[in-house]
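Common to both upcoming complexes is chain A, partnered first by chain B, then by chain C.
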Partner chain A sequence: MSDLVLENIGKTYANGYHAIPSIDLNIEQGEFIVLVGPSGCGKSTLLRMVAGLETITQGDLLIKGERVNDKEPAARDIAMVFQNYALYPHMSVYDNMAYGLKNRGVNKDEIDTKVNAVAVMLGLEELLSRKPKQLSGGQRQRVAMGRAMVRDPKVFLFDEPLSNLDAKLRVQMRVEIRELQRKLGTTTLYVTHDQVEAMTLADRLVVLNKGHAEQIGTPMELYDRPASTFVAQFIGSPSMNLIPTSVKSEYLQLSVDIRLPCPQLADQKLIWGIRPEHVEICAAEEADVMLNVKAVEALGAETLVHGSLQLGDGNTPNFVVRLAGHHTPKLGERLPLRVPRSAWHLFDAETQQRVEKSCN
Partner chain B sequence: MSVHFPQKKLPYLLLLPQLVITFIFFLWPAEQAIEQAFYQEDAFGLSREFVGLDNFIDIFQDPQYYTSIGVTLIFSFSVAFLGMALALWLAVMADRVIRGKLAYQTLLIWPYAVAPALAGVLWWILFDPSMGPVALWLETVGVEWNHFLNGDQAMILVVISATWKQISYNFLFFLAGLQAVPRSLIEAAAIDGASPAKRFWDIVFPLLSPTTFFLLVVNLVYAFFDTFGVIDATTQGGPGVSTATMVYKVFNDGFIGLDLGSSAAQSVVLMGLVGIMTVVQFRYIERKVEY
Partner chain C sequence: MIENRPWLTAISHLSLLLGIAMVALPVWVALVASTHPTEAFGSGEIPLWFGDQAIQNWGAVLFAKAGNGIDVPVWSMMLNSLVMALGITIGKIAISILSAYAIVFFRFPFRGTAFWVIFITLMLPVEVRIVPTYEVVANLDMLNSYSGLVLPLIASATATFLFRQCFMTVPGELVEAARIDGAGPIRFFFDILMPLSRTNIAALFVIMFIYGWNQYLWPLIVTTDDAYYTLVMSIKRMLSVEQGDVEWNQVMVTTLLAMLPPVLVVVGMQKLFVKGLVDAEK
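Up next, the complex of A and B:
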């Protein structure tokens, strides 16, 4: 039985706005699910619906098999870490962590044992008597996590918990969160707009776009086989090159016409997707495309080459190439590039959905 | 940062109107009061005699003065407590309203615009023992209301009038304070299993403490010094002296009783009180209340 089930969950606001049309999601015990998407895609709304902070206007939400749509947040046995941590500013770290237990009538000795155990796990022993404003950002973050952990809830909910930290601390906390979650084995729903965070944390990702799930899958599934141009652009950095093109008889019209393995795609409008890292420099006669180099960003371990393609139909779409190591192409140079067929992604230009190319 | 004027006199010239007003209406009368406090004057102001501290000794040996202090304390703390408690309750309610929020808030602020004397007369009419609707209603539920005869009832009436005036002001500050409490804290408390009432007392109320403390001082100052109009319009300090606060007694002894020396000495005591409260206000309000 799944631990957390979203069945046809939807949200319509009183003013008629459809924030979330319908989402289905089955989350297994101990799974780490990341909801990712651009701002306004409904990811926070969905999380808050699971928490019970927003009403669910459609569908069923089940936690451990029990329908909790109409239950108060406290009765759902979930814990949430907020973006601004939402620590009670007038309470000490200890009291912040103990508050939820006190409200549930846990006796003093047990509270003390639990809070201290969590404090040890998070390295907060020395800080228990401090007030939140005497803590650094990372420490506050830890207290917020401690407050969630101390109750040993059925589900952890995280609402962009790392976005208020600086870059270095963010990476460190990301690793810590993942470790803790593995250790505790608590089912987790995590919201972020940061795709690196999403990729590194998730067992499975849910990419949300305008309130519906574009794709649900493991990070590598999403990277290898994005279901739509939206997912293709969202996962991976720099994002995938998407070149609108058309197929004339059985040939994809690039700089040179390339024979498609799929006869049924003949004469369709397609979007040709190539990740910047799947391109290699080659001899001119082997080239699939020629790149007009416009800018070079050398990052040491890799080099990003920005430029435009010269296509047969006269279009000159922008194209980014990510090459390992040092490269020094000159500006204005025409760089012959080869793209292995296995790295191709084809999308229907109308629906923006993936077109399977393994159709021979 | 400092601003430099080309002429040296201009800054002083610009300050002059305010300085003149302060001098004529505040400093000069204050100086007069201090001076008069040391003299015994006849009722017509034709002659006076220096008596040293006699006026002060007299008022502090006068049991009526202690009565007026008691009246002031009961009156002030009742007004401050009632005014703040009701305003907080209204602010919490208004904060919850979603539809027509602005209308409610505007209506709740209106009483502040009513002149003190009008507020006094309004309540005086409502509670008039022979024709007031509230007094008549009280009679039907078995309470015999006559604030002209019953000192406690008179006190209740002036407390109501003075409180009603002040609720709007308190309401405004509490509402702003409530809106400054981050929503996520309330939500976190909800997830932590706190009932709405517990959320309020455990989270919201402590976070309002800077506002509450500020309002406590402001309300006490208001009740001590600013309620002459309400009392004069409602009970004139009566019956007897049961609603004569210290400020009312200054007026009564000076302008009705024509004992200017005693009245002046009482003013000086009040001045001292204002001074202390101002210090308290500056010392503690400017500094954020610790939480």
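Up next, the complex of A and C:
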């Protein structure tokens, strides 16, 4: 039985604005689901609807088989970690963690055992008597997680919990969250706009765009077979190169000069996509396309080459190539590139949806 | 500002000292005057050093009947003043914190209107509405009673406004966290909101206590029974002597006694007071 079920969930605000038209999602026990999307895509709204902080105007929300649409947040047996931690500033770390239990009428000894157990798990034993003001960002984040864990809820909800931390700490906390979640085995719904966070944490990802789910799947499914140009651009960094083109008499017209054979596709307008890391430098005579180098970003382990493709029809779309190791192409140089057929992605130019390619 | 100009330093110190002297001198005179016999003031010379009548004067004022036809001793009037001041202060804080809570955290029809109606009452202090308010109090049979002294003064737009501003700085996530933690409206109010607005409550307490203690016009109007006289209004009564001399020494004792509680409140709560007005502890 699924742990958390969203059936045709939708949200329409009183002013008639459709924040979320309809979403279906089945989450299994212990699964880590990440909701990801650009700001304003409705991911936080969806999370808050699950939490009970926003009303659900359509569909059913089931937690462990029980419909909880009209239940108060406290009655849904969920716990939430907020972006700004939302710790009670006048309470000590201990009281912050104990507050939810206290309100549920748990007896003192039990609260004490639970809080201490969680504190040990999170390395907060020394800080129990401190106030949130006296803690660093990472420690506050831990307390916020402790407050959620102590209640042992059915579902964890995370609302961009790492976005207030610095880059280094974010990586560290990311690993920690994943580890804890595995250990506790609690079903988790996690909202972020950061695709790296999404990819690394998720068992399954839900990419949201304007309130509807563009694609739901494992990170690798989304990376390998993005269902639309939106997902293609959102997952992976730097994002996928997308170049508008068309198919004419079984050939992909990447340009007038470069015709790549592509049987089995009807004549239509397409968007051709390839990830920067799948492009290879090759000898000039084997080249599929030529890149005019405009900027080079050397990151040590890899080199990003930004430039524009020189296409025969006079089109010069921007193109990014990601090369492993050190490369030092000169600015203005023409770089011959090979684009392996297996790494292509094709999308319908009108619907922006994936077209299953079968051109080899 | 760090400047090293000896003249500037000297002048600023001088003006500060002068300021202190101007404020402190009358208090000093009052203190000195309270230790002299009544006749000392007839001569037209103001004594500047203590006399020998301190104990008699203070004792007489505190425990005997206050002069000029007032039938009760000063300590009982102090008690009245205290009851009124505390009643007004606590009442004002309780009412305004609750109304601010309603306005900020609850969605109900005409919420904005409710706030503006409260806000408009700023334009209606007791002095403006004194006749109708007296009428109401008289009809409710509250003349010469503590409730008559306190109730008409406890609605406060200022305090409501202050609490509203304070509550509006409470982050929405905190409210939601409390909701998820299972804190209902009442728990949230007492467990989260009250402790967070502790310093604001203290600041308001100081302001409102002084306001309540210094009330003159309203007690003058609603009390005719000596048993409900307040200290501040009785001073005026003690001064309006028709025949004979004003007993300045006793008036001064009463004045000093009237000044004492506000001073104590300010001194005792000044740290919290400043904190409440200056920083937001969130």
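Note that in this section the second predicted complex is superposed on the first by the 347 of 360 C-alpha atoms of A that agree within 3 Å, B and C clash if a C-alpha of one lies under 4 Å from a C-alpha of the other, contacts with A are read in each partner's own complex, and residues count from 1 in each chain.
By definition in this document, contacts are C-beta pairs under 8 Å (C-beta built on N, C-alpha and C of every residue); 3 or more make two chains touch, one makes a residue touch a chain.
What you see is a predicted model; the values in this text were computed from it and never measured.
Superposition of the two structures on chain A shows chain C clashing with chain B. By the touch criterion defined above, A:P73 lies against chain B and chain C together after alignment on the C-alpha atoms of chain A.
When the two complexes are overlaid on their common chain A, residue A:F82 makes contact with chain B and with chain C alike. By the touch criterion defined above, A:L53 lies against chain B and chain C together after alignment on the C-alpha atoms of chain A.
In the superposition on chain A, A:Y99 contacts both chain B and chain C.
Looking at the shared chain after the overlay, A:H90 reaches both chain B and chain C. When the two complexes are overlaid on their common chain A, residue A:P21 makes contact with neither chain B nor chain C. In the superposition on chain A, A:G30 contacts neither chain B nor chain C. Put simply, chain A uses residues 51-53, 72-74, 78-80, 82-84, 86, 88-90, 99-100, 103-104, 147 to touch chain B in one complex and chain C in the other.
Those residues of chain B whose C-beta lies close enough to touch chain A in the complex are 182, 184-185, 187-194, 198, 202-203, 206-207, 209, 291. Contact residues on chain A toward chain C in their complex (touch as defined above): 51-53, 72-74, 78-80, 82-90, 99-100, 103-104, 147.
Of all the residues in chain C, the ones that touch chain A in their complex are 171, 173-174, 176-183, 187, 191-192, 195-196, 198, 281-282. Residues of chain A that touch chain B in their complex: 51-53, 72-74, 78-80, 82-84, 86, 88-90, 99-100, 103-104, 131, 147.
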